[in-house]
Amino acid sequence: MGRYLTKRVLFILVSLFFIVTLTFFLMKAAPGGPFTTEKGIPPEIKQGLREFYGLDNPWYQQYFDYLVSVAQWDFGPSFKYKGQSVNDIISRSFPVSLILGLEAVFIALGFGVLFGCIAALRHNRLADYAAMVIAVFGISVPNFILASLLQYIFALKLNWLPVARFEGWEYTILPAVALSAMPLAFVARLMRSSMLEELGSDYVKTAKAKGIKQSVVTYRHAIRNAIMPVVSYLGPLLAAILTGSFVVEKIFGIPGLGNEFVTSITNRDYTTIMGVTVFYSVLLLFSILIVDIIYGLIDPRIKLSGGKGK
Amino acid sequence: MEKNHVLEVNDLKVSFDTYGGEVQAVRGVNFHLKKSETLAIVGESGSGKSVTAQSIMQLIPQPPGRFKGGSVIFNDEDLTKKSTKQMEAIRGKDIGMIFQDPMTSLNPTMTVGRQIMEGMIKHQNLSKAEASERALELLNLVGIPNPEARLKQYPHQFSGGMRQRAVIAIALACNPKVLIADEPTTALDVTIQAQILDLMRELQDKFETAIILITHDLGVVANMAQRVAVMYGGKIVETGTVDELFYGAKHPYTWGLLASMPKLGSEDEDLLAIPGTPPDLADPPKGCPFAARCPHAMKVCTEQMPEYTELSETQKTACWLLDERAPKVEAPEAARIGG
Amino acid sequence: MQQQPLSDDLFRPVERDAEEAEKIAGPSLSYWKDAWRRFKKNKLALFGIIVLLILTFMAIFGSAISGYNYHNTSLINANQSPSGEHWFGTDALGRDMFSRTWYGARISLFIGLTAAIIDIIIGMIWGAVAGFVGGKVDEYMMRIADVLIGIPYLLVVILLMVVMEPGLFTIIIAMTLTGWINMARIVRGQVLSMKSDEYVMAARSLGASTPRVLFRHLIPNTLGEILVTLTLTIPNAIFTEAFLSYLGLGVPAPMASWGTMSSEGVKAMQYYPWELFFPAFFICLTMLAFNVIGDGMRDSLDPKERR
């Protein structure tokens, strides 16, 4: 376990090093970026940048300083907002995104697993087709279209839910649903096919031959094994929800990190783009590590030691 | 139901609905099982023997499976008429089952101990502690060393032979009257095969369990069974005691099976294979299913299914060669045991 | 059984040669024929193929049919609803939505297809070299892939799009930069298993040459997975492009893709819903088509499903 963790963390650090390097040199190459001393930048910000990046230093010095400050979890000043650091922006807006994201994860997992199980248990019957039609639509509709449609129908036309902003629980329903649609569809499909496979497996027959009830066989034996592929899909699921948040937060006017990120892209707020990218990468890479550890804990066949199996 | 019979299968018919149409996997099978005997059902893959076994337990998934007729009599009751709930009370308690592949027939994410205890807790109302006690005994009984530790382990920590022992422990957990073993040794190494067969015989003596042994291996049959039923194309073509079939088989398919069996000390270098492939049961022949591959086939064989000829109290054969109008054909040299 | 009188001549042995005995069970089909036979049974997948063919045809010829081109603006005719004159209506700048929709189809499908093909080419070369050479080379190549796959895909794409000159090929480059890794892993896995699989050993011991092993065993066995991956990569790329368009990082005007059109349409949704409906409908239809084709292919190529 210890060896496994060390190895994985090492890999994550290498990946992060690549990302930081990539962002640094891309920003350096960007026309009108923080490293070109163009006009039109307010003097206060210029001063902040000069202090943080040492714009008069040679590039390798800048690069090295940037690596060090990122390692110290300092992403420097914003390129567009006076007196704000990227860290400020993250710590202000990320909690909002986290709430929304977790809500979406639970919706996606809960309903995805439920739909998948129902579809498998009612294989080739109405419920199966219904669940799979929902799943196919979830995969086929781009999330910004879905989010806009949900907002239009349920908030503007039917007036059931608030249109936008983030002022209470009911404000999170539409965005969380929009955010979870695609991962939910994936989970449902994954769960259905793995459940079908498990239900036809020999150990399920053995359990039935013991006289165990179908429902007990399903939840005690089949689901537990069928959920494994869903657990290994958690990494991509988190990534999908994270990138989905860019669009969904924008549409619903939620003051989360996704919204800030999109704003920084439109504003060409380069330092914020850099910092948030690195932050997201750290978040995703460590979430995936946690997912893998959980996977190892619930699947007795996997021992987390040394290298990964092929 | 005759007095010393524990199980009777009468005219069982089971089909499967597939893309290619209805496949008649079992087409009218009759046999019975006596107390504490072993009946072997022999045939190649696709002959319907596994479907027969699973139909006894009502384990055929429906759909795509479809029960088309016949009865399975156990304790004077027809199992085909039982509700799912009633069957659940019988499975594992009165009839146990062992599947072919020990690698896949245990749940990989549940400890072996729990898998053994599951049935006992359900059928015998044992507490967890009592069931655990009994599971320990069972593991001891099936010859798994260090059972206390093994109880808490997962299947992947067991070798193939050990797993099959655990599967047997599961099947025997509630002392069933009938044990259905579907190719219990096919997936195992030869040396392990012998151990598992010995174990099954030993436990059979101890608990007086009647066994239906499904296999394609005549060596296993000779080792274990008292009676044999030979299945081909969804039908039983010949049945009799082991001696009768090994030394006095009358059906050309049984001859073929015997000829394809390796013999110790024999000088013959080649094993004889039966040429051809089994009939397509989506469109079963109206005559004898073996006619297409039978070296002695006559016109009548493709026209009409032969009736059973009772050759003795125990031996019955369905073959037109036994009709008085047919030419006399002797069993080929290769089909003689110890000849 | 009904006993009818049987004539004696029915009991004459039948002469038959051995060859005939071998031919009794159903005709054996080759792998691809069998897969195709099963695929055809899947009506949904067949529907997907037909939809794609129609969409491709319209992407090539559609924008020429209406008599308007995709970029001519006409502010007097702005935001007109669908009519006999403008079949899909017009957008905020009075451009004909019908010809824009099919022009957008061309761009979207082109991006999807090109990105997928580049992914497959790079992935196949990387995976095949790693698999065939093996040893240290394989280890390093796969380590590099491991590190690259650790980098969140969309973040890299966004980052590149922010910095690079906007354009069609920028999008394709950004998307393929790390997109090929999946393909490389699949191909490498196939090559490795091919090197050790019993059927290849058997083929080799029967004297099959390397090209023969390659063409008879590796390619047929990998092709199925490559095709399935293709049906996932193309819609994924179209999706990514639409997502980038929404962030304002899509193809630059006057070019239009379904992505840029629907992100413009979203803004006008309340008043001029057709401006969203047509591009969004065709994105969804394309996704749907690729998804059902992918599912159909996976099912029909899986040997376990043979019956």
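Each chain gets a letter, A, B and C, in the order it is written, and its residues are counted from 1.
Keep in mind that, in the parts below, a contact is a pair of C-beta atoms (placed from the backbone, for glycine too) under 8 Å apart; a residue touches a chain by one contact, two chains touch by 3 or more.
As the structure is a computational prediction, the values presented were derived from the model and not from experiment.
For chain B, the chain whose average C-alpha position is most distant is A. By number of C-beta pairs in contact, A-C leads when B-C and A-C are compared. Each chain gets a centre from its C-alpha atoms; the one nearest the centre of all protein C-alpha atoms is C. The mean-CA centres of chain A and chain B are about 53 angstrom from one another, to the nearest whole unit.
Mean C-alpha positions place chain B and chain C at a centre distance of 47 Å. One finds 25 Å separating the Cα centroids of chain A and chain C.
Considering their complex, residues 11-12, 14-15, 18-19, 22-23, 26-27, 29-30, 33, 136-137, 139-145, 148-149, 152, 156, 239, 242-243, 246-247, 251, 262, 265-266, 268, 270, 273, 277, 280-281, 284-285, 310 of chain A touch chain C. Chain A makes touch with chain B in their complex at residues 124, 200-203, 205-214, 220-221, 224-225, 298-301. Contacts from chain C toward chain B in the complex involve residues 1, 6, 8-14, 16, 18, 21-22, 24-26, 38, 41, 307.
Listed in rising order, the residues of chain B touching chain A in the complex are 54, 57, 59, 61, 63, 84, 87-93, 96-97, 99-101, 104-110, 115, 118-119, 122-123, 154, 156, 167, 170-171, 173. Within the complex formed with chain A, the chain C residues making contact are 146-148, 150-156, 158-160, 162-163, 189, 239, 242-243, 246-249, 259, 262-263, 266, 269-270, 276, 280, 283-285, 287-288, 291-292.
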